[in-house]
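Structures follow.
In the two complexes below, subunit A is the common chain; its partner is subunit B in one and subunit C in the other.
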Partner chain A sequence: MSIWENLGLVYALLGAAAAVFLAGAGSALGVGIAGQAASGVVTEDPSKFAKVLVMQLLPGTQGIYGLLVGFITLSKIGLLGGGAADLTPETGLLVLAACLPVGIVGLISGKSQGQCSAAAIGIIAKKPDQFGKAMLFPAMVETYAILSLLISILAVTAIQI
Partner chain B sequence: MSEQYTYAVARIRALEVGLFSNSTIDQLIACQDYGQCLQFLEEKGWGDSESSGDAEAILTREEEKIWEVVKDLHIDMDHFAVLSYPKLFHNLKAAIKEVCTGEKNRHIYYEDVSIPGDAMREIVSEKDFGKLPAYMQHAAAEAYESLLHTGDGQLCDCIIDRAALDAIYEAGKESDAAIIRDYAESTVGVADIKIAVRSQKTAKSMDFMKRAMAECESVNVDQLSKAALAGMDAIRDYLLGTAYAEGADALAESPSAFERWCDNRIIQTISPQKYQAFTIGPVIAYVIARQNEIKTVRIILSGKQNELPEDSIRERVREMYV
Partner chain C sequence: MAVLQMQRISICALKKDRKAILEKIQSMGIMEMNQVAEGEEGFEKMDTFGARQRFEKKASLTDNALDILDIYAPEKKSMFASLEGKALVDADQFTEITGRKDEILKKADRLVACNKEIAEHRAEITKLENQIEALVPWLELDVPMNLKGTGKTELLLGTMPGETELSTVYEKIAENCPETEGVDVQIIHKDQDATYLAVLCLKTDAAAVEEALRAAGFARPSQATDAVPAKKTAELKEQIEQLNTKIGEIEEEIKACADDRGDLKVVGDYFRMRAKKYEVLGTLPQSQRAFVISGYIPKKAAPAVEKAIGDHYDCVIDIDEIKEDEEPPTVLQNNAFSSSVEGVLEAYGLPHKGEFDPTTIMSFFYVFFFGMMLSDAAYGAIVAIACFVALKKYPRMSASMHKSLKLFFFCGLSTIVWGILFSGYFGDAVDVIGRTFFGVDVTVPPLWFAPLNNPMKLLIYSMAFGLVHLFVGLGIKGYMQIKDKQYLDFFCDVVLWYIFLIGLILMLIPSDIFASIAQMTVVFPPALNTLAKVLAIIGAVGLLLMSGRSSKNPVLRIALGAYDIYNITGWLSDVLSYSRLLALGLATGVIASVVNQMGSMFGGGVIGAILFALVFVVGHLMNLAINLLGAYVHTNRLQFVEFFGKFYEGGGRPFEPFETDTKYVDIKEES
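What follows is the complex of A and B.
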């Protein structure tokens, strides 16, 4: 089986990989940044572990969104069922384009949300009773990851294969 | 945006909870006597088991704790060098006076700096000023020679204090950290104003003031010196046109209000660091805040020991960082 004969499938697979890889990388960066801040607080005050852990986990959702789009894409092109669809290069490129929103926005928003979580962990360090308000700031960043997830899912499912 | 200091800043945020607020300071002032103040401090976790009951040991231990935290954060100590300049130049001043006058006193040195007492005394006694940092060498040689030949201790102090201000200002200009630049600017500006006020009270000459004051952006040394020659009102008028306008009000209020404003101004300079999450600023601000806290507690303890009335102590108390 030549790559050139299955270029459509290759493009579609690249799309699934981009969604998982980019969004996952964004989450890894974000969770890492928030984790550093969480460690700083827990070093001095271990009683705040649960609250800062929630903050650290917030940027982890982008990776899950990327994984979800990756699964839908693989399912759509038949790779999960065992019988790969016969995709034209044009259709493959459409699938690749459909996967990009969640990948790119996931990368950027994951890191930004991590930075926002790290700053919000500072609020918890000083005023733990303000946990709810502190959580809202990084949660705002999540909005845009959800929007990109929505568009990617709609686009992937709308493509006729 | 660099995340290099994320861990350090978050840890400092957790530590800031333990800093004394203005209300805690009020509680300390409200303590009935010196002994109760010490008990209050110990209940707040100040000192350790070895320093119990000894105010000086408690304050020294607290100063040590600051640097233990900073070392634990694994941040390059060069960032904090500017904060140690006053102590370093104090050691130089003390060593020159000790060597020139022959009076021995081991308890006048700071030991928690890069050149502690014994090393500084050895450098000065051997006149080996090349072993000092570049920013100290010229001032050390000049101050030593002037004290040796004229016996004028004030001139010696003036030379070294000016060199300290110049060194702080240069360190600020060369620093990448905004807080160091702001700290240096405020420190030198406030020091120049203090010199002008004291010079006016002791009728010093223009030459003396120009020798003592360091150049900086926020204060015009020439105009401030002329104002000091003209009188206290002229100093106040000059300050009203600068970033230090609040200093004019403090000057009008009382000498202790002015001294308090000088320290408060530094705390105001570092206050924006409470809202930074990713720079070294909050760590440096924490060190300055802790030093200010210790200084304030020392003032209160001294007031209590001398049985000063509460209002009199309160007038001298500095603004807290948190």
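What follows is the complex of A and C.
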């Protein structure tokens, strides 16, 4: 069978892939940025390891949200169960569009949250007792990743297949 | 659920009781020092800086000694050592050990000296090793390196750059001083960087030959020993061996002191306590015969201090209410359940003077939301059991750690409940295991509903819970305003908002938008619809007119009112923010399903089961860790940003009583 007959499935899979790789790339960037700052702090004071590790992990959630949407999409289009659904190109494009919010917002917010985490790690380095407040700044960025995740999930589950 | 009321206590007593009274207060540990009689005539402060520094120096000496012990005779510590808390020491034992403090300090001195000796010996060894290194190329030479030669001949030792051949050396000599005869060149050693030569020539020619060789890059060795290199090397090695033995002996000596670790800790803490006491002593105003201590104390602890000090010493104790302009420290008091979130509140900031302590109300929402975000019964059980075991096994952990673990224990319980409601037991592990290994379709039905099948429903509920949370926050603001008798503010800032918001919500529920989200149509009786509109209009008009009441200018007042109504967008974003309850709950469940799915890909049978177990354990542990972090961070955020944003300021000062500020041991009070 040619790809043209299965274009719907291709689009849908592209959507799942975009959700996972864009959001995952965002988290990788973010965790990387925060990790550099964290390593710097641990060089000076190894006892802060646990605290800065938590900070480093904060931008990691975007990748998980991407995975989540990717997984829901795959199970929705039946690729996980074995029998792939017969999708029209229109439906496939709908799924692709539904996956975009978490992908794109995940990419950008992941990087921003990483930068924010790196700055918050600076707080930990100087005032370790302000952990609760330091944690809050990166969590602010994450709100938007959560909102996009929400729309992606709602959209994917709402599409009739 | 309250902030403890503080009082100012002032004790004026005779100087002769100074030490005893200070020690008593220190051991009670319920009074924060805050001296008042500053700069009054007849009162002077004692200079205790020198004494304090002496004690601190001794305390740091014991710390150094303990560090050294940790290097050479490390203590066996379990993974959970940080949970154990400080060791408990009897008061008698404490006195006994501190009685031997000079002897113990001597030991600490000795340990520090031992460490220094080891460092010196190590430096010496490095030096000797460098010497050996320099001798290695000359090992083949069988005469002492500083040998000048025989009666008629002279020996020239040195290196040529690179890998120089023997013939090249002869050529160079022949080229540069052709008149020379009877030169013997031997290559002792050759490596990449240099060739090591021994040149024997007539004494008369020596200068010319050396000059000739030097032109080709010949250089004498930087150090020449007076022994045969091989023998010298053996000697040096012997010396290193001796130094190593010495280091071994010193290390043994240090290890033998490992049993004194406990004593060192006690003595260190003893000096830390005394340093603290002298620090306070230095701040006390003292006259010739008397002295004054003043500070903050929780009201309910005041009688105990009065009794403990007043009954035993000649003194005057004055207990006053806090004055208007004073900022006393804040102490929270809550029941066993609610006190577990005190740490979370402290992370944001304690209530300032006169502010409401939101701990109790927050504790219920905290546990509720946390469970909803983690929402897996098995994960909840793991968290709850782990915390429970830790709490039981390590009763002496620090107070803040105890609170946090207790908080996670309650959150774990809440997670179990939500997991049962949503049917999350390691995600869909029951289904997957049944299908893969037993070929049966089993499903544990959710008590309420499965979020993944109906995310819209949970979204509506999340926002509804959020709205309750926010309304409670607004209510607390109103409560504080009533308490402060600001009735107009209460009406304008709280009641009008309630009216406005309730009106808007009642208008929203029967609308098409709500019907499409909730997938159900709600029809209100017409009277209720009218009421909704009336409420919304009253609220909006009221806010428009009243929010800017501080401004006299009527135009500005209306403008401020309009701006306040614009805050409705803030409410909208606050409520939307609670959608994270759904998102994080789904994340836990879906990732757990991914793990189960991956595990089941190996099929049934024994090998499949083993691989499944492996994937299952690793995958779920990771999922649990990541989602615990997520639930913790986002529950905090909902409390700090959305809930506290409605009413709470914080900024209170934590209570720092003058107490026995120890690092390693706690002293058991005599009962």
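As a convention for this text, the second predicted complex is superposed on the first by the 161 of 161 C-alpha atoms of A that agree within 3 Å, B and C clash if a C-alpha of one lies under 4 Å from a C-alpha of the other, contacts with A are read in each partner's own complex, and residues count from 1 in each chain.
In this text, a contact is a pair of C-beta atoms (placed from the backbone, for glycine too) under 8 Å apart; a residue touches a chain by one contact, two chains touch by 3 or more.
If you're wondering where the values come from, they're calculated on a predicted model, not measured in any experiment.
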Partners on subunit A (subunit B, subunit C) - clash or fit: fit
Now for A:144: first (subunit B), second (subunit C), both, or neither, which partner does it touch? neither
Touching A:126, do we find subunit B (first), subunit C (second), both, or neither? first
Subunit B versus subunit C as contact partner of A:118, first or second or both or neither: first
What is the contact status of A:21 with respect to subunit B (first) and subunit C (second): first, second, both, or neither? neither
Expressed to the nearest 10°, the angle that the Cα centres of subunit B and subunit C make at the Cα centre of subunit A is 50
Look at the residues of subunit A and decide whether subunit B or subunit C touches more of them. C
For A:39, select first, second, both or neither according to whether it touches subunit B, subunit C, the two together, or no partner. first
For subunit B against subunit C after superposition, the smallest C-alpha distance in Å amounts to 8
Along subunit A, where are the residues that touch subunit B in the complex? 33, 36-41, 43-45, 48, 115, 118-119, 121-122, 125-126
In the complex, go through subunit B and note every residue touching subunit A. 1, 3, 6-17, 277-278
Could you please specify the touching residues of subunit C with respect to subunit A in the complex? 344, 346-348, 452, 455-456, 459, 576-577, 579-580, 582-584, 586-587, 590-591, 593-594, 597, 626, 629-630, 633-634, 636-637, 640-641
Show me the residue ranges of subunit A that touch subunit C in the complex, using the header's touch definition. 54, 57-58, 60-61, 64-65, 67-68, 71-72, 80, 131-133, 135-136, 139-140, 142-143, 146-147, 149-150, 153-154, 157
